[in-house]
Every structure is written in C-alpha cells, then in structure tokens.
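Chain nomenclature is as follows: A, B and C, assigned in order of appearance, with residue numbering initiated at 1 for each chain independently.
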Amino acid sequence: MAGGLRPQKARTPVEFFLQQLVNGVTLGGVYALVALGYTMVYGIIQLINFAHGEIYASGGYMGVILISWLFAHGFPPMVCLGAALILAMGYCALLAMALEKVAYKPLRQSSRLSVLLSALGMSIFLQNGLMLTQGVYDRAYPTEMVQGGFHVHGVIVSYMQCIIVGLTVLLLVLLNLLVYRTRIGKAMRATAQDKTMSALVGINSSRIISVTFAIGAGLAAAAGIMVGLYYGSVRYDMGFVPGIKAFSAAVLGGIGNITGAMLGGLLIGVIEVFAAGYISSEYKDVFAFIILIAVLYFMPTGIMGENVDDTRI
Amino acid sequence: MKRALSLLAVLMLALALTACGGKKDENKAGAADGIKIGSLGPLTGQYAADGNDMKNGVLAAIEVMGPEMGKLGPVTIQSEDDACDPRQAVAAANKLINEKVTAVIGAYCSSATIPASEPLMAAKIFMITPASTTEKVTERGMPYMYRTCGRDDDQSKAAVKFMTDQLKAKTLYIVDDKTTYSQGLADNVEKLGAGANLKVLGHEHVNQGDKDYSAVLTKVKAANPDVFYVSLQNSASAAPMLIQIARMGIKAKLLAQDAVYHPQLIALAKQAAEGVYLTFGYTDKTTPAYQKFLAAYKKYGEPGAYSAYSFDSTVAYLKAVKAAGSTDPDKVRAEMAKLDFDGASKHIKYKENGDSGSNYVIQVVKDGKFTNYWNPETGELFK
Amino acid sequence: MATLELSEISVRFGGLQALTDVSFRVEENDIVGLIGPNGAGKTTVFNVITGVYQTSAGQVSYDGAPLRGLRPHKILALGVARTFQNIRLFQNMTALENVMVAQHCRTRCGVLGAVLRLPGQKREEERIRERSLEALEFMDLGEYAGELASNLAYGLQRRLEIARALATEPKTILLDEPAAGLNPAESRELMHTIGRISSRGINILMVEHDMKVVMGICRHIVVLDHGVMIAEGEPEAIQRDPRVIEAYLGNELN
C-alpha cells in the first residue's frame, strides 16, 4: 500500500494557472449556453424565464434516456451523442414552446409581476414533474462512452472537455449566423427592439417569440446533455444552481445582449474556477457574485450593455 | 390554447413513459386504532435519495413486524418530508404529533434531527435516528431519543487509524461540503490527524450541490497528498468528484465516509469509484437477520446507506411495544432498555443515552461492490 | 379594388373619447390628407387602421372585408403599411437590414431552412436583398445600405422609414407626419417622392402639419378636431372652411 504512493512532480504555477483556465473555460461554456436562453427571452419579452433551468434539466434527462438506450444498442459514441443532442434539443424546443403558450402568452397584456409569478410556478411545476416521472435518484450517464484525454505541457485536457468546448463554440457560431445572417434572425432582432413596429412591418411577433423560446431551450438542452456526460449524472433539481449562475452571466453580459451572455457565461465560469483555485472554493460563488455586483455598479447595463429599446408609440 | 396545453401534457407524459419505473407510496393513513409510526427525512431536495431509503426501510420493517403485533396492530406509517431543513423539520414533527404517531424514525441530517426532537420529546414521542451521526444528538439528556447508527467521533478515529496504520500515510488533504455532519467529521479528522503526525496539506470547503470540483482538484493534484479525505454530505455529490478525480489523474488514496456510502455512488461513478475506501458501520450481510431484511426490502430496490438502520430502528421500537403490550411511552422506554437482538445492520442494544455503539470499519469499492476491507479494532484485513 | 373604408369609428381611452364617429374612404389611386391640431386623434386613426388599437365602435374595412380582430402583421399582409410620426427604425440594424426585415411577410422562412441554408432559402434571400436595394434606391438611399440606422442623419432616417414601408409591397401606405423636422428643401424633395409613390399605383393617406405639402399634393382632405371630423373635401374648399379656420385659430392656414 504505502509503497504504492508514488511521489509526483509538483506542478509549476504556470501549469496550475493553465489547468484552471481549461477548467474555467469548460464550465463557462456551459453557463454561456444556458445564459443565452435567459437573455434571448428577456430581450424579446422582458421576462426572466425562471423555468429555463428546468428546461436545461429536461434536456439532461432526455439525453440520458436516449444516450443510454443508443449506447446500450451498440451505436458508436459520436452517433449516440449526435442523435441524442438533436432529439433532446428538439424535445426541449417543443417543451419551451408549449410552456410559452400555456404560461406566458395568455399573460402578454398582464403586469410583469404576474408573468414572473407564472414563470416561477412553471419552474416548480416542471421540477416536480421531473421528480415524479424520473424519481429522486440521480440518473447515471454512460460516462465510459467518452473517456480519456491528453496532456499538453502538464495540463490535462479530457476529450469530454474538448467536446464541450467544441460543441459550445459550434452552437455559438450557428446562433450568431442565425441571428445576424438570416431573415428569422433579423425578425428576432426587430421584435426585440420594437415589438409594435415589427408587427407593423409584417412580423408575426407571437411566432418569433415562440421561435426564441425554442432556440434558447435547444441550447439549454445541449448544455444539459454535456453537463450530464461531463459530471456523470443528472438529477431532477440540477437546473437550479446553474440556472442562477447562467442568469447572473446574462445580467453580467448585459441582459438581452447575445454576445454579452456568451462573454458573461465564460467570465462567470472562469472567475468561479480561479476564485476556487487561488482563494477558496468555499467562496467561489461569493466571488462570482461580487464581480457581478461590481460590474453592475460601474456598468449598470452590464459589460456589453442592455439591448432594450423602449420607444413607444 | 387547448392544443398547447395538451401538447405540454403529452410532453410530460413522454418523459413519464420513459421513467425508470416509479414507485408508488403507501401512505396508508388513518386506521383509528393500532400503531402509527412517523417517518421523517428529506423526500425532496438534494438528499431525497437518502430520505426515501429511510422511508423504505420503515415500510419494510412494518411489513415484517406488522403481522406479529397481534391486537396492538395494525401498524401504519405517516411519512413526512423535512427537506433537510431545520424549520421544515420542526413543522413536520408538529404535524406528526398531531397525527398521533407514537414514534418517529428519522431524521437524516443532524441539523434537522436536533430541532425536530424538541417538540417530539415534549410530547413523549420516541425518536430513533437511523442516520444522524453528530455526537450531540444523544448528548442532550433526552429520554426518548435513540440512535441506531454510529457516531462521528468514533468514525473519525477509525478513519485516522486507517490512514496512519494501514496506508502509512504522511500527508493528507481534506475536503468537506460544510454541513454540520460533513464539516464536523472533517474537522475531527484534521485534529486527530495532526496528533498522529499526519501533515494536513490543505482543507477545502465546497458548496453543497456543486458538481464542478475541477478547481479544488487541481489544487489537490498540485499538493500531491498521500490520502485525500472526502467528507461530502451524500453520494450524489461524491460521484462527480470521483469522476473528476479519475479524470485529473490524482494518485492519492481516497477515503470517504458513511454519507457517501450508497449503491448510487457506484452506479454513477462506475470505474472511478473502484478502490475508494469508506468508513462505514460494520454489517455482516450473511446473517439471517440481514437476509430477512433484504427479502422484505427487495421491492424498493437495492438498500441504500441507511435502509438497514432504518429497518432496525423500526423493528426495535415495535419489539419494545410488543413486549410492553402497549404504546405507553414509559412502559415502552423500559422495554427499549432491555432490547438485545440481532438486527439487520448490527447487534442492537441501546445504551442509557440512547446510543447503540459504533462499529466503524473500512470498506473498499471492489469490482463494483462495497466490500469490508480493514477492521480498526484488530488492525487486520477482512478475509 | 384596394379601398380603405372607415365607418363610424369611435375609440375611448378610459375617460377620454379619442375618436367619435369618424368615417371616410381612401380610394384607388387617392392621396388623402388627414389634418387637425395636435391631439386631434390623427395618429389614433392610423393605429386603428393598422390593428394596434381596437375600436370601441365602428369598423374598418379593406377591399370590402372588415379588419376587426386582425393582428397588425395580418393587416400589413393585406397591403396596408405605415410610417411613424416619431421615427421608429430598428436602430441597431443597418439601413438594408431595416428594409429586408420588412419583407418578412412576403416570404416563407423556417428556422431549420435558415440554419441549414437550404438552396431555396438562399435564392429567396438573394431576391429579398435585390428588392430591398431597389427600395433603398427608390428613396435615394442606395449609398447608405450598410450604415446603422442610428448613424443616419434625421432626413435620411425619415426616408428610410418610407423605404421600409414600401418594402412590404403595400397597396396603401399611411404616412404619419413625414415632413416633420425636415428643412424646406427636404420637404420639397419629399413632396416629389410622394408623387412618385402614388404614380406606382399606391394609395396614400398622410397626416401632415406642413400645409404647403398637404395642399400641394393631396386630392382630398379630412379634418379632425378633438376626435370629431369637422370637414372633408377638396383642398381649396377646406382652406376656406370657417370651422377649419377656427380649429386652427387661423394661424396656420393664413
């Protein structure tokens, strides 16, 4: 036993720093994906969609169900992952659209508080729905599907981290193309800036709102699956903490601002990991929130500025 | 609108159909006569898995003991959720008092057990905890307070003894997640370790419910300790930590504690759980008493960390009631003192303060199973 | 037969009667002026026609079909576009994007098609771009296509509003004070442009304070005061109408 304890070469401060950076970027990518859903919905209807964390959890569950099944039936890992991603993203998109129709659309003319309460209610409803249908126990992802990694100058990078970062970047690029290069993207931006005016140039704002919910939910589902694979399991209440972090990321970046949410997510992830690495993990959330408060104090609309246009007739 | 509603319903149903086989609760409330036992534990929130194990242990015990109770029966259960929250625990205890239970099996978190015990004691209702290991639980002079599991002071002694005597470790790194239990245990280990020439290279606190430990683990890796002591509040937090430890290539021996013990740990962490040591109360799984428990528990799945303790707590109470011939608290208390039987988890004999003694041993995860490994009493490996 | 007809429209905002029994028509190839002092209810008329506000009584019909209950984007799809008194461009978009987004209803698009860049989508995107550039050219904005709307000079923003409305391919266009804030040269230019729009076969209903503009191009004028129609007729007749003169306290018409 004792003989088995091999002394290892101590790490250099640079390696330590780089390792923490890799860790932080992985975590930040996930926050960014979830943050986008908050920010896009806020941008378009000025609603903090509290149920977004639960959509992320639902994505995680759909993922574990699909991946376990596919993997058990001998499909290659990348096929399992790809198929599960597409199906779970689609499922969550539908779920979010239904959620919007049921819980938010009827309240379009009501006070903001009513909609907010409805969002809170849906969050509780969906979380309990997951608990009742999926049980209180954690569900295991087949982590053996993607194992291993490689060393670069003493920094360990796992393949799963590569997948997370790679997929996050891919999704962010696709989202940017969608928002800035396509007609539906233009319509989304127009609706976010001025709902009445966009209706008056012929945009069906209900449909655009629906699509926005769907896209945000799709991204959250992808994040849910990647988190499940990375940490090995999902649980019905998994949406709560990342939900809060991602929401903070959205606020940090400037709520309503898509680029801001990406940056905010990355920043929260990196700050959290560095605070844990250099100060104490006990206070990592505290630091993330201190930075958030500081940014909001000096830049009240976040790093990139809010994207809220309040021109009225 | 209607279409959307039905769509939402269909989507929820889709998830329901893929469920892993939901279990139905048997909260058969309400026979006016008979014995009503309260079950108190976290049925929701992050410790829901452990709370449900406890409740299932009570259900299994009622099934076994119920028919033996004769005209004292029938035995029913009233199950309450404390979510591991002190205030909710007190509210749940009051509800159980109103429901006229005569004993409460619970709770899980020491921080819920202690406040919930106050109103129960005032109402002369037995409280037998199968899971709260904080010393203080039984050190408050409460006549109806019992504990079937072990105590943290004993557990930390076993842990440190294992590290020094068996692993011959010189350096130690500790992490806990800041609950009364997990931090109390970690602090004890740190203190005892320092006295036993174990150099503590670091003691980190993470937050409950965290899943990402990469930052802490990078530190652990840099510190390169002989042993990494993991004191987390439950298996669901420990599993991702083990996965990340494996991924990081940390070479330290891993030692965890009883809260991390759960079949779920192996189910979630899989290969990453191999070789992990844990301190856990010694249970001989070959005894007839354990086999009887296992048979009764089967329909609830694999027993969790506290299923057997919960089963034994219930059996102990019902045996005492049977011997007393009534649920009168003082008569039952006299009988509790006389109990001396082979329980599923261990031999049950309560001391004057309500404790039943600790018998911590070191287990190891081997070939996907928890296996007895080392006995601190004898300093020898189990066969 | 693209006629817009308002019959006995009334609108209330709480205790305020913003419009009372307003009835008039905009015929094929018409240029109708809607005038009246501030707060008379002119913009409200536009909001009623375009479906932004609901009427308390009366109805608007287009091509003989009632518009009641239709949401704004549906009314636009029928061919009624508008501009705003206070400019409401999509400030964070370029001039070209502002115009392109206005063709949303004239095209079919799906999220999936857009993401996958299906060939059909691509061709359509091309067509939209061409038509949008045309609309910009028509309003003499070709060289500003790539500018952010918020960076354009005021006069150009006014023109861009009109270009955007034209891009929706309307049969009827509602212009809310298009000359507001323009200098005399720009106003003259605008009158010329309105004439060109009309000659493309688009019916025009415009609110305007600048009487030179109104009297210069409108064939028919409707006068509102406190939500009530006080006069209607040819420009010359309106100019002489004592009720109109009284409403304006004489100062603007003389």
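By definition in this document, a contact is a pair of C-beta atoms (placed from the backbone, for glycine too) under 8 Å apart; a residue touches a chain by one contact, two chains touch by 3 or more.
Note that the structure is predicted; figures quoted are calculated from it, not measured.
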Chain nearest the overall Cα centroid: A
Longest centre-to-centre distance from subunit B, chain (CA-based): C
Separation of subunit A from subunit C, taking each centre as the mean of its C-alpha atoms, in whole Å: 42
Whole-Å separation of chain centres (CA-atom averages), subunit A against subunit B: 34
Approximate Å spacing (C-alpha centroids) for the pair subunit B, subunit C: 72
Contact set on subunit C toward subunit A in their complex: 43, 47, 50-52, 71-73, 76-77, 81-82, 84, 86, 88, 90-93, 97, 100-107, 109-111, 114-115, 125, 128, 164-165, 167-168
Residue ranges of subunit A in contact with subunit B within the complex: 1-2, 5-8, 10-11, 16, 19-20, 23-24, 26-27, 58, 61-62, 65, 91, 94-95, 98-99, 101-102, 105-106, 129-140, 143-144, 149, 156, 158, 160, 227, 231-233, 235, 237-238, 240-241, 272-277, 280-282, 284-285
Contact footprint of subunit C on subunit A as seen in their complex: 174, 177-178, 182-187, 189-190, 193-194, 196-206, 211, 214-215, 307, 309, 311, 313
Residues of subunit B touching subunit A in the complex: 1, 4-5, 7-8, 11-12, 14-16, 18-20, 22-23, 43-46, 48-49, 51-52, 166-169, 178, 204-207, 209-216, 218-219, 221-222, 224, 226, 236, 239-240, 243-244, 247-249, 251-253, 264, 267-272
